[in-house]
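Presented below are the structures under discussion, each in the form of structure tokens.
Okay, so chain A shows up in both of these, paired with chain B first and chain C after.
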Partner chain A sequence: MKIAVLVKEVPDLEAHVEIAAGGKALILEKKRVLNYYDEIAVEAALQVKQSIGSAEIYAVSAGNGTGIEALRRALAMGVDRVIHINDPALEGAGPLVVSQALAGLVKREGFDVVFAGKKSTDDEAGMVGPMVAALLGIACVQGVTALRIDGKDITAKRETERGTETVKASLPVALTAEKGFYTPRVPQVMGIMKAMKAEVPKVSLAEVGVEAVSSPQVRGYNRPKVRLPVKMIEGAASQAASELVRLLREDVKVI
Partner chain B sequence: MHFGLTEEQEFFRTAVSDTVERMIMPHVEKIDETDEFPTELWKEFSALGYLGLRYPEELGGIAADPVTSMIFYEELSRGSVGFAQAVIMNTLMGTHFLYRFGSPEIKERCLVPALRGEKITTMCFTEDQSGSDIANTRTLAKKVEGGWVLNGTKNWITNGPIADFATVLATTDPALGMKGLNFFLVEKGTEGFSPGQTIHKLGARGPVTGELVFVDVFVPDENLLGEEVGRGADYLGEILDEVRCMTGAMALGIARAAFNDALEYARKREAFGKPIGEYQLIRAKFADMATEMEASRLMVYQTAWMLGEGLPTRKIAAMTKMFATETCLKVVDEVTRIFGANGFAQEYGPQRYFRDARFLLYGGGTHEILRNFIGREIVVGR
Partner chain C sequence: MAIWTVCEARGDDFSPTTYELLSQARKVGAEAGMETVAVVVGAEAELADKLTGQAHQVICLKGGNLGIFDAGSWAEALYGTCAEAYPRLILFCDSDRGRELAPAVAANLKYAALVNVTSLEWEDGQFTITRPVCGGKAYATYGAGERGCVAVVRPNSFSIEPGEIASAQVQTVEVDVAPGKVSVEELKPREGRKIPLTEAQVVVCGGRGMKAEKNLSLLEDLAEALGGAVGVSRAVVDAGWADHNDQVGKSGKTVSPGLYIVAGVSGAVHHTMGMDTSKVVVAINTDANATIFRFADYGIVGDALEVLPAITKALRAN
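After this line comes the complex of A and B, so read on.
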């Protein structure tokens, strides 16, 4: 079985973020990591390999110079090989261009299962997984929290607002990973050393059959409104409830 | 000249840092509060294979160069200096002499399991009357038929009360001073070898620290860790600079942790209508701390690079340990001031950094001893 994992490099959730003067760009602290949902996808691929005995797992990322750290992390976790689609035309590229690039590469390399994170923790668009599936013409199950593979058949569970949905599909298939699917492993030092020394092969957009197309442009960034500080009300429940009503009526004026 | 880390070393740093944040940080407060050895965390962390860091692959290590090792020590100490202390005992001081001089059986029985974390180890220097002054060691090793008999008491032994084996410094004759010193392997369960009192420490809590008592402890000849009797001080010289550089890296780690907490606090905490980080006097603190930490970083990694190149490092390693530790002490002090009264509260990190940093003053030589040594090197030369 051949398993492709689509990964993205994102700013660390702890990284300091500022909006540049003019509001058109972000200034990000240079702390970049593998997207957490993609880590879950990598873990899922490794679990599938372990359960079926043998499989080849490769991870792929697309970006203009970004993606190497994410791919090294995937290598450290245990994927067999990685490929980086590196092209200046990917600078600021939207989900469609990125999906075309990833789909082009995955088609070239071959696949039975394509894993991706449900979304990235920076843009949170959640489009690349389903778009790649559409471009490849295969089924896609989004937000997977459990998976069983029996030969060519898969059974996946996904959480919806109304409860758990059980989905059956046949290979080849694309699956996007949701929190709770697996806890990503902390890499062993041997894996880290292997990843440190690995040469990461690079291909261009042209090599995966993609001509750059225009991408949506961000018009501006605004900070979220500042939330009012939390106020803890001490004391017995009945007194606290009275105080809460008083505050809602007199201070916040919502009742 | 190139002063940066390679892309690979940066990746290693990120990976270790991430491991520390996911695996160690959630336990930091509990380790400090209980001052108990975190057995489960030890097992989980050991399984990742870091304990063999500086040893060859055939022993389960990864043959990391000193720069890579310092990255590891720095990041680990950024998480928990107590836990780092226990780990580094297995990684460096407690295993080095077994690696250098242990028989194949000793390596198989003690070294390899220690590098897997299956055995906990320690190194015993300090006694009541001797610390940095190792020539004053009183633990006596007497030659007998087929081996040695050890008598004495060691103090301030990290992991001591729970160690499975110890590398013990003892003298064949106190009158010989440095020329009487030797290292011996003593394993748990050996008759006459027992833990004594446990020390309740101000900081660097977690690893159990205390006395080890030796009463007529017989060890066979192969447990003398050295090629010749009386060369223990020379052998110690092999790792002294690495130990001092490592202490500098630990100091840098604590300083970074404290600095980062303070930075986050200064950006958020408001006084008189704006974040305190916007006031000049607070910014000056950050400017001074960052400048001195940058100097520490350069010294630690320059020394590490020199160690890797096999260059003479006795003076620069002493300077590095002293400067990085003194910088760390300044930083943790400033950070408690930036936090205001919260810096005095157990619920916030600064008080822990403040206590932990002081631990680094003693190991690898007190700063009084190091200043004396550095000054002598400069004025008198060798």
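After this line comes the complex of A and C, so read on.
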């Protein structure tokens, strides 16, 4: 069995973000990590391999110079090999172009299962996994929390607003990993050392058969809306509560 | 050229987000000189009458394999229909369903996709679409350009305006699509939840300061008094007191209600990223220096277990 894991490199949650050039540019502190949900996806691939005995797991990432750290982390966790789609046209590329790139590569390399994170912690879009599935023309289960593979059939659990769903599909399939599916392992020092030294093979968009179309262009960046300083409501619980209810009803009229 | 909105039913009507999207589509459509088209699929076509005045055209997609929601067949019906009309913009509600349909539709139409959208305008001859980036530390405004674009819009981003379009043309399109590749074998419906957390107008959220699982009922009481939904912080989920589906924040849901009441949450970035666009925020914490007060409009220093029931009581008193 061949398992592809789609991974993204994201700024660390604590990384400093600065808006520059009069709102035209975003400067990010260079603290980059493997997306948390993709770590779960890598772990899921490793677990599947362990449970069925033999499988080849490869991780892929697409970016203009970014993605290598994420791939090294995946290697350190234990995937067999990694491939980086590196192309200047991936700078600022939207999910369509990224998905076309990943789908092109995965098609070339072969796959039975494609794992991805449910979403990334920076854009929180969750588009790439299901878009790759759509481009490959395969089934997709989003937000998987449990999985069983019996030969060609898979059974997965997922939580939605509707409730807990048990779904069935056949291979090949794309699965996006939700929090709670697995706890990602912490790589061993030896694994990290090996991953640091590993050669990360690179391919261009043309090599995976993708001609990049233009993505929506950023016109400007803004800071999140600034709230006025908090108004503290004093007094004992019952007194403060009454005053709060009055303010919500009469001042801001939200209830 | 037109703006299409993929409608989403909620019980016997469409979701408030659907009406938000249609309202904004009419507004920017008028500026852009584009018509507003509402699309309803499968069994939800029975509700099409509710859309009177909301759109210039209502398209009902019907077919043998289009009953209740199924991501695979619904997406195929949608992109098949879109591929004939090529709408400039296709709007989806940011819901579980929207997040399943939008990527499949965008990928098949080769459309750009923007998710978590908080603003949509028409400026300088193109649609401008705003969404948070870097986990909400900044907002990026994109120009959609000439190409088609799919936008998945966060609930509570636009105001709902009365629909005043005189004569909507209702058109039923029979589509022949294959059943989806994923079949739902079993669905255990969620208990108690009436409104999805992300769509609620009021969210009452509790954290570690709730001290024990049994105290979460105080959140439910207040949410009920306000007609809202209950959320929890990651600490509460990790403690096993609540389901991950109720988690607000980085590894949970992003909410943006009109009123967000948060009790016993310190205000770590993991939490605030999931609620920062809420309109009015009330924070309750025993620590007067807690970070959460920086994200609040109103603050009460006190024990959540005393203040929450006091608010519920004050609300019910008059």
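Everything below uses one rule, namely that the second predicted complex is superposed on the first by the 224 of 255 C-alpha atoms of A that agree within 3 Å, B and C clash if a C-alpha of one lies under 4 Å from a C-alpha of the other, contacts with A are read in each partner's own complex, and residues count from 1 in each chain.
One rule holds in what follows: contacts are C-beta pairs under 8 Å (C-beta built on N, C-alpha and C of every residue); 3 or more make two chains touch, one makes a residue touch a chain.
Because the structure is predicted, anything quoted here is derived from the model rather than measured.
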item: Contacts of A:76 with chain B and chain C, given as first, second, both or neither; value: first
item: Touching partner for A:180 - first (chain B), second (chain C), both, neither; value: second
item: Partner chain(s) touched by A:33 [first = chain B, second = chain C, both, neither]; value: first
item: Superposition-derived comparison: chain B or chain C, residues of chain A touched; value: C
item: Touching partner for A:146 - first (chain B), second (chain C), both, neither; value: neither
item: Chain B versus chain C as contact partner of A:89, first or second or both or neither; value: neither
item: First (chain B), second (chain C), both or neither touched by A:200; value: neither
item: Touching partner for A:166 - first (chain B), second (chain C), both, neither; value: second
item: Complex contact set, residues of chain A against chain C; value: 11, 13-15, 17, 19, 26, 28, 36, 94-96, 99, 121-135, 138-143, 155, 159-170, 178-180, 213-225, 227-228, 230-233, 237-238, 240-242, 244-245, 247-248, 252, 254-255
item: Touching residues on chain C, where the partner in the complex is chain A; value: 71-72, 75, 95-96, 99-100, 102-104, 106-108, 110-116, 128-130, 132-145, 147, 149, 152, 180-190, 193, 196-197, 202, 226, 243-245, 250-252, 254, 258-259, 269-270, 276-277, 279-283, 288, 293-303, 306-307, 310-311, 313-315, 317
item: For the chain B and chain A complex, residues of the former touching the latter; value: 8-9, 11-12, 14-16, 18-19, 22-23, 47-50, 53, 62
item: Chain A - residues contacting chain B, complex; value: 33, 69, 72-73, 76, 186-190, 192-193, 195-197
